[in-house]
Amino acid sequence: MDSKNKIEVKNLNLWYGDKPALKDNNLSVKEKRVTALIGPSGCGKSTFVRCINRMNDLIDGVRITGSVLLDGKNIYDKDVDVVALRKMVGMVFQRPNPFPMSIFDNIAYGPRIHGIKDKDTLRKIVEESLVGAALWDEVSDRLATNALDLSGGQQQRLCIARSLAVKPEVILFDEPCSALDPIATGKIEDLIHELRKKYTIVIVTHNMQQAARVSDYTGFFLLGKLLEFGKTRDIFENPKKKETEDYITGRFG
Amino acid sequence: MKLFDPEKGVATVLMVFSITSILILSLIMLFILDGGLPLFNKVGITDFLFGDKWIPAKGLFGASQFIIAALLVTFGSVLIAVPLGISCAIFLAEIAPLWAKRIVRPAIELLAGIPSIIYGVFALVVIVNLVKISFSLASGETILAASMVLAIMILPIIISISQDAIESVPRLYKEGSYALGATDWQTIYRVIVPAAGPGIIAGVILAMGRAIGETMAVVLVIGNVERMPTSLVSPGETLTSAILLEMGEAVVQSVHYNALFCLGIVPFVLVLVLSVLSSKLITKSKARFA
Amino acid sequence: MISKHTTDKLAKAWLWMSAILIILILLSVLGYIFVMGIGAMSVSFLLDMPKNNWREGGIFPAILGSLIVVVVAISFAGPVGVGTAVYLTEFQKEGNVSRIIRISSDALNAVPSIVFGLFGLSLFVFYLKDYTGGPSLLSAGLTLGFMVLPTIIRTSEVAMRSVPYAERMESYGLGASKLQTIRNIVLPGAVPGIATGLILSIGRAVGETAPIIFMVALNPTIPESLFGSGNTLTTQLYYLAMEGISLKVAFGTALTLMLIILILNAITRVFKKRLSRNLRRG
C-alpha cells in the first residue's frame, strides 16, 4: 500500500558558485516511510538532503533552481518562513552536536525558541522526546548534567530527541551513524524503525547494508544526479542501471 | 679568538639576548620593591591600604581613596565598554558583510593605536564639557569622565578578543540551532555567545588590567582631588595619577618617594594577576573546542 | 508579544548601530584633533624653535627629541627582540627555558606604563646616573626600549613561525647549515612580519608619555647629545595641556603626533597586505 507523497523534488539544480553539485533531480518522498539515499562519497546526497530544510541557504554563493514541494507547497517560494519550515523538517547531523548545555536545556532549546516558556510543559516535552528517542531510561536521573558528558551514541540519540521536541513531521538523517560504533548504530537503526510510525524519514547513508535494513525506498546518487529510485527491495535485488548494480555489488564506491 | 663552532657562538649570543627579558622583569621587580618597601618601616601596611588621609607633609600615607578611585574608574569603564564592545564583536563575527568588515576592523586598529595623551587631551576638551553640561556641575572633571575616556581606550581589546572567541565556536553548534528553526539572533544569544563565554571574559579581564594601569588619559580629566570620591560625578585621583603628579615634589629616597613607589606596586600586582587569569581563561576556552 | 522575527530585526539593527557608534567615536577623536590643530600647522611650525614660552613658534625640538628617543629604543629592542625570537624558534626546544622566557616577555608586556616610569627613574636616572646622564634622552630611549621589547619578540616569533617548515627542510636537505638556513631562508621570509612588528613598536614608543615623563622636561632647546635632557612630542603635549599655556601650540603638537601615528598605521597596513600575499604564495 503506497502512502501519499510528503515531499516532491522537481528539477532540482544546485551550484556552489560556478560548480554544479546537483543536476536536475526529481524524487518523491512518501509519507511515514523511510527513504534512503545511497551513493559514493561526494556525489551530492548530503547537499540534496540539505535542500529539503533549506540549510544550504546558510552557505555563501549557493544557487538553486527547481522546486521542493512539502505537502504541495514549494518551500523555496518567497513567502515561505524558513524558521517555520525547519520546525516541520528536522535534521540529525553526521557528527553528534549537542549544545554545551545540560541535557534538559538541549532538548528544551527547540520549544523555548518557538515560544514555550511554561516549565511544566517543557518538562513534559523533554520527557516525551527522550522516550521517543529511546534515551529516557538512561538519563532520566541526570537531566541537569552536561550533554557533552554522554557517549557518542547517547549524544546522537540526544540530538534525535532534540529534533523530536519541536514536533516535526519530517526528519532528515545525514549519515547519522558514521561516527558511531556498531552497537550504537544498531540502537539508532532500531529507533528509526520505530520513528517511521509517526514521521516521514529521509536518511543519507554510505552504508548499503544499513539502507537495505532500514528503508522502504532507496535512491542511488552518482555525481550529483539521482540515477535510480524505487522500493528498496527492487533496487537491491533487481537494479535497472548498470552503475547501480556496480555500486551495490561493491565494484566501486 | 676564532669561534670554533660559529653555530654554537651564535646560539650563545642569542641566548644572552633572550635572557634579557627575564633580566629586565627581575630588575623591574627589584627596583620597584626597593623603592617602595622602605615605606613600611615607617607606615603600616594596613594604614597604607585602608587609611584615607594622604598628607605627605604630616607623614600620613593612607591610599584608600586612590584605590577606590582606581576601582571606580575601572569598573565604570568596563560597564560602558563591555556591552558596546561585545555587540561590535558579534557584529564583526556574525552579521557584517565583507565591505563593512573592511571599514570597521581597520577603524578599531586605529583606535587602538591612538596615544593615550591624545585621548587625554580630547577628553579634557570634549568629554569633560559633556559631563559638566549633562549633570550641571561646576566642573566636568570627574570619575565619570575618566571612565568614559578609558572605555573608548579599552574597546579595541574587548572587541578583538571577543571576536576571536566568537569565531572559534564550532560551526556545528550553529547548524544544530538553525536546523531546529532558530533565528540568527536566537542562535547568537542562546548558543554562540554563551559558548564563547570564557574567551570573552578573558578579554574583559585583560581590558580591566589596561584600565587600571592607564595614567595620561585619566590624569587630565579626573580632577585630582585627594579626597575619597563621593559619587561617580565627583572628582578623584587614582593611584597612577597620584604618582604622576607628586613625583616632582617628592625628595628622592624620602618616605614620600617610597610611598609613591608603593602606589605603583598596587597596579603592578593587580595587572599581573589579571593577565595570568586572562591567559588561563583563553587556554581553557581554546581547549573546550579542541 | 513581539514575534521572534521582529526581535531578530531589532537585534541586528542594534548590532549595526554599535559598529557605527564606534566609527563615530573614532571620527570624533580624529576630527577634533584635526580641526583644532590644523590652524597651527605649517612647515615653519614643524621646523622652528619655540618662542615666547611656547606661545609662538615651532615645535622642532620636540620632534627631534621624539625621533632620537625612538631610535634609541628600537636600536636596543630591535636586535634583542629579533634575536630572542630567532633563539626561541630555531635554537631552543620547547621546554622550561623557553616557557620562562615567554612568561617573562608576556609579564613585561603587562606592566603599567607609569610603573615603567618609576623603574626608568630609579634605574637609569638615579642608579646609572653616571652612564646615562641622569634624566636624558638616552634614559628615556632605553626605558621605552624595555617597554616595546615584548611586542617585537612576539611579532618576530609569529613572523618566523609563518615560514613553512618545508622550506627549512629543503634547505637542510640541500646540505645547508643551520646558520645558512636562518640567514637565507627563514629571516628573509620573516622580514615583512618583523618589519610590521618594528613599525608597531615605533608607533607605541612615539606615543607613550608616562614611562618617560620623569626624564624628559619641557626643554626649549635642541638637545646637545644623548646624555642631555630633551623634549618629546608626548611630554610636551602633556605639559602644555596641564598648564594651559597655549591651546594652539598644544593642538598643533597633538596633530603632529597623530599624523605620525597615521602614517605608521598606513605603512603597517601595506606590509600586512604584502605579508598575507607571501603566505598565500608559500
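Labels A, B and C are assigned to the chains in the order they are written; within every chain, residues are numbered from 1.
Simple rule for what comes next: contacts are C-beta pairs under 8 Å (C-beta built on N, C-alpha and C of every residue); 3 or more make two chains touch, one makes a residue touch a chain.
Just so you know, these numbers come straight off a predicted model, no measurement behind them.
Asker: Return the chains shared as contacts by subunit A and subunit C, ordered by label.
Answerer: B
Asker: Please flag the chain sitting at the greatest distance from subunit B, going by CA centroids.
Answerer: If we average the C-alpha coordinates per chain, A ends up farthest from subunit B.
Asker: I'd like the most central chain, judged by C-alpha centroids against the all-protein C-alpha centroid.
Answerer: That would be B.
Asker: Looking only at C-beta pairs in contact, point me to the busier pair out of A-B and B-C.
Answerer: More C-beta contacts join the chains of B-C.
Asker: Please tell me the distance, in whole Å, between the geometric centres of subunit A and subunit C computed from their C-alpha atoms.
Answerer: Centres of subunit A and subunit C (C-alpha means) sit 55 Å apart.
Asker: Using the average of all C-alpha atoms in each chain as its centre, how far is it in Å between subunit A and subunit B?
Answerer: Taking the average C-alpha coordinate of subunit A and of subunit B, the gap between them is 49 Å.
Asker: Could you please state the distance in Å, as a whole number, between where the Cα atoms of subunit B are centred and where those of subunit C are centred?
Answerer: Chain centroid spacing, subunit B to subunit C, equals 18 Å.
Asker: Using the touch definition from the top, which residues of subunit B touch two or more other chains?
Answerer: Correct list: 183, 186.
Asker: For subunit C, what residues touch not just one other chain but two or more?
Answerer: Within subunit C, residues 4-5 contact more than one other chain.
Asker: Pull out every residue in subunit A that's touching 2 or more other chains.
Answerer: 83, 113
Asker: In their complex, what parts of subunit C are in touch with subunit A?
Answerer: 1, 4-5
Asker: What part of subunit A is in contact with subunit B in the complex they form?
Answerer: Residues of subunit A touching subunit B: 53, 55, 58, 83-87, 90-91, 93, 95, 97-101, 109-110, 112-114, 159, 162-163, 166.
Asker: Help me check something: in the complex, which residues belonging to subunit B touch subunit C?
Answerer: Subunit B residues touching subunit C: 6-7, 10-11, 13-15, 17-22, 24-25, 27-28, 31-32, 34-35, 84, 87-88, 90-92, 94-96, 100, 103-104, 106-111, 113-122, 124-126, 152, 155, 159, 183-186, 188-189, 209, 212-216, 220, 240, 243-244, 247, 252, 260-261, 264, 267-268, 271-272, 274-275, 279.
Asker: Please output the residues of subunit A touching subunit C within their complex, sorted ascending.
Answerer: 81, 83, 113, 115
Asker: Can you list the subunit B residues touching subunit A in their complex?
Answerer: 170, 172-173, 175-183, 186, 190-191, 194-195, 288
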